[in-house]
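Letters are used for the chains, namely A, B, C and D, taken in the order the chains are written, and counting of residues starts over at 1 for each.
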Amino acid sequence: MRMNAKQYEESLRKLNLNVYMFGEKIENVVDNPIIRPSMNAVAATYEFSLMPEYEDLLTATSHLTGKTINRFCHIHQNTEDLVKKTKMGRLMGSLTGCCFQRCVGMDAINALSMTTYDIDAKYDTQYYERFNKYLGYVQENDLTCDGAMTDPKGDRSLPPHKQSDPDMFMHMVDQTPDGIIVRGAKAHQTGAVNSHEIIVMPTISMREQDADYAISFALPSDADGITYIMGRQSCDARKLESGQLDRGNRIYGGHEALVVFDNVFVPWDRVFMCREYEFAGQLVEQFASYHRQSYACKAGVGDVLIGAAQVAAEYNGAQKASHIKDKIIEMNHLNETLFCGSVACAALGHKEPSGTYLVDTLLANVCKQNVTRFPYEIARLAQDIAGGLMVTLPSEADLRSKEVGPLVEKYLKGNADVPTEDRMKILRLIENLTLGTAAVGYLTESMHGAGSPQAQRIMIARQTNMEAKKKVAKKLCGIDPE
Amino acid sequence: MRMNAKQYEESLRKLNLNVYMFGEKIENVVDNPIIRPSMNAVAATYEFSLMPEYEDLLTATSHLTGKTINRFCHIHQNTEDLVKKTKMGRLMGSLTGCCFQRCVGMDAINALSMTTYDIDAKYDTQYYERFNKYLGYVQENDLTCDGAMTDPKGDRSLPPHKQSDPDMFMHMVDQTPDGIIVRGAKAHQTGAVNSHEIIVMPTISMREQDADYAISFALPSDADGITYIMGRQSCDARKLESGQLDRGNRIYGGHEALVVFDNVFVPWDRVFMCREYEFAGQLVEQFASYHRQSYACKAGVGDVLIGAAQVAAEYNGAQKASHIKDKIIEMNHLNETLFCGSVACAALGHKEPSGTYLVDTLLANVCKQNVTRFPYEIARLAQDIAGGLMVTLPSEADLRSKEVGPLVEKYLKGNADVPTEDRMKILRLIENLTLGTAAVGYLTESMHGAGSPQAQRIMIARQTNMEAKKKVAKKLCGIDPE
Amino acid sequence: MRMNAKQYEESLRKLNLNVYMFGEKIENVVDNPIIRPSMNAVAATYEFSLMPEYEDLLTATSHLTGKTINRFCHIHQNTEDLVKKTKMGRLMGSLTGCCFQRCVGMDAINALSMTTYDIDAKYDTQYYERFNKYLGYVQENDLTCDGAMTDPKGDRSLPPHKQSDPDMFMHMVDQTPDGIIVRGAKAHQTGAVNSHEIIVMPTISMREQDADYAISFALPSDADGITYIMGRQSCDARKLESGQLDRGNRIYGGHEALVVFDNVFVPWDRVFMCREYEFAGQLVEQFASYHRQSYACKAGVGDVLIGAAQVAAEYNGAQKASHIKDKIIEMNHLNETLFCGSVACAALGHKEPSGTYLVDTLLANVCKQNVTRFPYEIARLAQDIAGGLMVTLPSEADLRSKEVGPLVEKYLKGNADVPTEDRMKILRLIENLTLGTAAVGYLTESMHGAGSPQAQRIMIARQTNMEAKKKVAKKLCGIDPE
Amino acid sequence: MRMNAKQYEESLRKLNLNVYMFGEKIENVVDNPIIRPSMNAVAATYEFSLMPEYEDLLTATSHLTGKTINRFCHIHQNTEDLVKKTKMGRLMGSLTGCCFQRCVGMDAINALSMTTYDIDAKYDTQYYERFNKYLGYVQENDLTCDGAMTDPKGDRSLPPHKQSDPDMFMHMVDQTPDGIIVRGAKAHQTGAVNSHEIIVMPTISMREQDADYAISFALPSDADGITYIMGRQSCDARKLESGQLDRGNRIYGGHEALVVFDNVFVPWDRVFMCREYEFAGQLVEQFASYHRQSYACKAGVGDVLIGAAQVAAEYNGAQKASHIKDKIIEMNHLNETLFCGSVACAALGHKEPSGTYLVDTLLANVCKQNVTRFPYEIARLAQDIAGGLMVTLPSEADLRSKEVGPLVEKYLKGNADVPTEDRMKILRLIENLTLGTAAVGYLTESMHGAGSPQAQRIMIARQTNMEAKKKVAKKLCGIDPE
């Protein structure tokens, strides 16, 4: 049964999560002022899916049940599904202006739908059926899943089993007739405390000696032994202030957490890989390819930033200057180029043996590589258009002050038809997106999310057919290509 | 009936073209050593279409007759057709390493299939039927068409009817019961003298006073009154030399010509627009959008250049240096980003009233805008990898010389397993693509073909929905969007 | 008499400034935790000038008195002085990692030393002598001056006298035998509340009708009628937290303020321009040229960021990866390119009629234009090297917590020889410089300080000798240059 | 005695050079149409030095004799000399629009003036005195010297003594009481056949086993056993055509040659290093640093290209479009940024033990690194502004033809006040600089001359004080720097 925003919020209240922030345990996660905006963003994936104008993108037909489900719980059945996923990401990014967190679970279930199938094909195991049962549960209950991949990794030059601390990668520490016991941590977990489920995957390719690290499984987010330590973000404390103006984005936000698993029990029916180490790399690559496609969301956030820059230019009275118009064009050009990469890898997707459609992996990496560059340039141009006032603006409290409020009103007036307060609001939004809490998602996460730039470059090198290119070159200049 | 390369060549021999080059009339166009490589490139569009490994991309099923035709004569019936067009362009670019010229006619017939339909819908004219009859003739005979759009334009600040010389834009100078008489010229005509047909379109939007300039029609390329003046290219004279090595690309090339129409008669059944000035802009935009998509071909030429750079690195013994590997990755990344734009605008194409599928025009412009930038950077990186020898290499004649040949052999040896001659060949190919005849197509034509960069920027500005972006921005920061 | 840091701090305590922040009047400015780091940065210009290793750059010999003075109070006497100014800026930037605020006053006095001289030359006024007396006072007392140029400007399409609110530009509202009464505001005033003096200059070129706006003068920063409203910065509230780690830079910072002048009286001996409107533009251009040179400081801040990125790479165990080394090289390359611009405009400086040396104004604009670009790319590369942990790091309070501190310690360990706390410290410094309080100075101020990018482009266009370039081009290709 | 252009030409006629081009021996080098433009460019360094308006930059006072000499023969005595060298390079680049070739000899003598001194200081040899005697001869006779550094290098992964062909690096094959016998080759020798002298230096750092390769010496360019094989350039054959228009630059050009030394005898008084292998690296680095500074010349060529682009825009009637103006600004900005690097490394130069002034080597590398990038972008922008006509223009012969000349005249008219021929001339100049013979110097030589980009990056890494940067970063965030 699909949930609306209210129902989603209520479902979270029922969880018994062990969350820490600023050194304190948080008793009421849902209402915590720093976390709440990120909950709002996930809630939007529920709410908007119920609106007629968005349902084509935000819902799909389950291949398991034929029922209409939230697309975030869907297994892609054709390239049209993949293209709709791209469009959904951009739409949600533009509606929330931040990271809405729910795509990572979608990418995890799609990757697992292929890898579990492939493991079974080789080892005659039962992972695929087990996974589908779990998937049915997720779809039926319209759950938000955290797809957890990134381990702390410790010394990056060593494989898991050579680390001085064996917990630097998630691993199985014991096995019982009922299930396995796991230990380790996952870092940078986007939307972790807004999730019902956490789906764990390995973080790198592995060899035989790392077999205990080659595990994948799902757990309820409030399973015994899981601790969440919230990461802090630039300007996070502004959410604790009484006014709203200085937050920039008043409604939505994102969060990341360090998630620690201290000898946590996983029953067998939630284990999707267990020591099949030669499939760890495949799962990583497939998840990564999907997740690199998912960065179409940044084109949506880019839409917000471009819109904000245009509004700021109008409020500054500068919108007709040719250099301003040209910068807006450049921002749009870069933003659409990002989008093209995500569309292209979707449109050229193909069917894997399990029946799931996978994006073109070369182009998915190309897409993400551009995402590590263009948002920074778009942000730079937005700051250019916004003007220096964006970082020298007095606080909302000054605007409300009896003594200095009238001075702020008077002297920070731009276009005479626009209230000074509106000018402050739009500049605070640009600050939010280029320096504040949303910059974490729009910039740094664009850099490192779904793999840092060098990870994509390695994949681009691997997936390019250089022999074919060398052959045509040799032929054209008359070198015998042997 | 589809032609093979031989048949195509023979069909050209039957034409009676009036061609000038270096101030002389060319009696035998097909065998002229400067023109021939460009003929070879068009011939390749015939030859490869007959090969099983390429026929999926290079052929299509005519919506008029149901017959298998060369895709260059096809009207796109769905987005799959559009995506295949993108792939065909890249394929042909990689097989020829140059401009193969035939896409411009394909883009012209597709644009005309929509505009003629739309004119009829408004004026109850018969253009669409007339056009389809002409199209049937083109498809049946597997003809190469030059799509001719760019007028000389004279003083760019004035509309056609205000030019001091009325011929600076193609116009109708007279009209008879049998047809119209036209006068003017088309500049930069790619592949003009390799074409059977020339399809003329207006070059800009027009108003009522320019109605005589709002004309579109097709003519056999050897119609009375048409004169071709060949443009010269960087390093063109190397094709006149006895050896082949210094040409770089030994087989293929491109050409452009200035085509002058001196009171040429066009029978009515070949006239597709005649004074319906308000459709001139639409035809230009639709043709331009298709043609901007067509620049996927440059990703194919990029494949050749990347392959050549890799071969050069290997011949230099430098292929394992990390900076070389990284530059190859960057070249591939940029090249695939180009490709993504063309795929994306195709995948998001839509059906127009006539039934023809049109690309997403915003993304087609984004695609072409990147084409005005990335090939230059790819070329720069190729020159970096190639090394300075690329421009200080002695001539083939020196290599063949009794006196200095052995010195060239000895001192220009790189990797000991590679003949010096092969090293020279690959460096000459890189020279060809970055400075020589092919640089005209890979660089300058990438800049200006299908419209100069600023033309795309204007379209990006027009086709972006800024109001929607402003609205989401305002909403998120709490400004009442009215 | 030169002051040390302590004496400087004490001198500030004696001021009676009217400062507001977060809607409240600040009674103790010097000890305010948000302002204090910026005071520390100015104090450093005093303290380091007394150290033997820095005195060559940080001191100079007064041309008025022959005494050794702080270079920030010096009038440049030769190109060596100008080059030392460039080096001083970089040095101070690297020692503080932020904006040290004092250069703006130096640039104001140097510009005024020329313009007052030139006004006198035309009008036989006494501004130059008056200014020199004031300068002697500043030098003798080693004062920090705020050079105040930027007016709020209101509707940017209108000149001062056409604004609906006449106060949108600073202007003289009355004149008495003793002095003038002024009214208006100056925005974005860097280091305003750390200054003893505020030196006001016009913000644009002016015409006769704007004569009342063509004023320049100096006031003690605590003159009656001046109100300071502090601008807030990204992450400013972290300075209110108990721990220090999350601040990044523990010692130094910057600030900007909106400074409002409500009918403030200026005695004649502090008035340096009064209605000589045709000199307003010159003063603006000369100040701007000096101030654009001053952005060599960002190369110093860049030194800190590059050093921090290198440390982070070492702590991550990634410093030997070739892509990391290459990114560090690129950061250095861009940073030194910035520096080259400032050195070059200094080395090619020249003597103005007053005897003051002025930088090459074309190259000063070129320098600043690069500053609007490269720090953003350096920051992007720093975030790339730092890794995503930079924005998902738990708070210092989590590290100190009994419950989760050990988990943070354990799981955020990188290089085994480095305490997790040190890793957190260096990542927080990178956050500070790329998203936090220092990003305001390193990025947005680099964009807009001393004029926004378009201002430099206009100057580059004006100061380039295009006729000379056209002439050589025409000559070489055989066009008669008339 | 200083020569004028005529005298220089006559002096070349007296040489008995062994030159091959296109497989043929050239009997009359000076009048060869392909070589002559490059001779003209060197001649310009003589001619302009005699003009009052240029003599301040183009002449200097010999530190040996106190006489006025051509600056190209001068040893830099202070930073003012270094800055004048930068300005001279830009001036000559702008006057010739190409590589004027003579700087490489200047850089060689300056580097040798330091290294010979330093070898003597260590080994009590007599190189410095010997070198100064030679220098006196060069200065007295106003000679053009080729500074020859780049060996063919064969397999790049092997040191000289390990090459399968021992001649892949220049080496001493025998030694007599009178001198040494050398064998090997130098590649990419700019201006080789326009030189009176050839000064040979090693190409890399060397170890003891390579001692026979650690040699430096000077020879008359027509010494027995030296053979020159001319490199061919893009569009070189246009110089053989009867018209001049299509050449672009009618007067000047450059050339490179492969220079082979077949057992050539060098008398001892012309030997400047002989087996002092540990100084090979120093000589390379010092020469390279000077030569990287020398790339200020490309800012001069950039002046020509910017001027040509502006003229083309005016002839196209497009000069008032804001995007055109902005592109011209960008070209100027990049061009001046190049220049800043060369000025800065000169202004921050220092005195070496020999008394010669050396540039700041870090900044010289930064300068050259930018030269490997910006000319390509300037060229791209020039092609953007020029329009596609630049590569589709008919030949001069077409313009002169009775049949089609009038059509070319008529249809290629832009601005009505400008003869079509002038429009063709300026477009051919832009073609020359971006694709033709001058592109070899402006682009590819900018990439590889004085060391390929990676060579500069290695030097930037070596010469940056990373420890200092790490220290300030650690201090600011509270890490104990030990």
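Methods note: a residue touches a chain if its C-beta (ideal position, glycine included) is under 8 Å from a C-beta of that chain, and two chains touch if they have at least 3 such contacts.
Computed from a predicted model, the values in this text were never measured in an experiment.
> Between copies chain A and chain B, are the contact residues mostly the same numbers or mostly different, with half as the line?
Shared-number fraction above one half, so same.
> Of the chain pairs C-D and B-C, which one is connected by the greater count of C-beta contacts?
C-D
> Which whole number of Å gives the spacing of the CA centres of chain B and chain C?
Roughly 52 Å, centre to centre.
> Roughly how far is chain C from chain D, going centre to centre by Cα mean, in whole Å?
Centres of chain C and chain D (C-alpha means) sit 40 Å apart.
> When you check chain B against every other chain, which residues touch at least two of them?
323, 326, 457
> Which residues, counting only chain C, touch chain D once they are in their complex?
83, 94-97, 244-245, 248-252, 303-308, 310-311, 325-326, 328-329, 332-333, 336-337, 339-341, 343-348, 362-363, 366-367, 369-370, 422, 425-426, 428-429, 432, 457, 460-461, 464, 466, 468-474, 476-479
> Write out the stretch or stretches of chain B touching chain C in their complex.
On the chain B side, the touching residues are 322-323, 326.
> How about chain A: which of its residues touch chain C in the complex?
20-25, 150, 152, 154-157, 164-165, 167-168, 185, 187-188, 227, 229-235, 237-238, 241, 246, 256-258, 260, 316-318, 321, 323, 372-373, 376-377, 380, 383-384, 387-395, 397-398, 400-401, 403-405, 407-408, 410-416, 431, 435-436, 439-440, 443-445, 447-449, 452-454, 457
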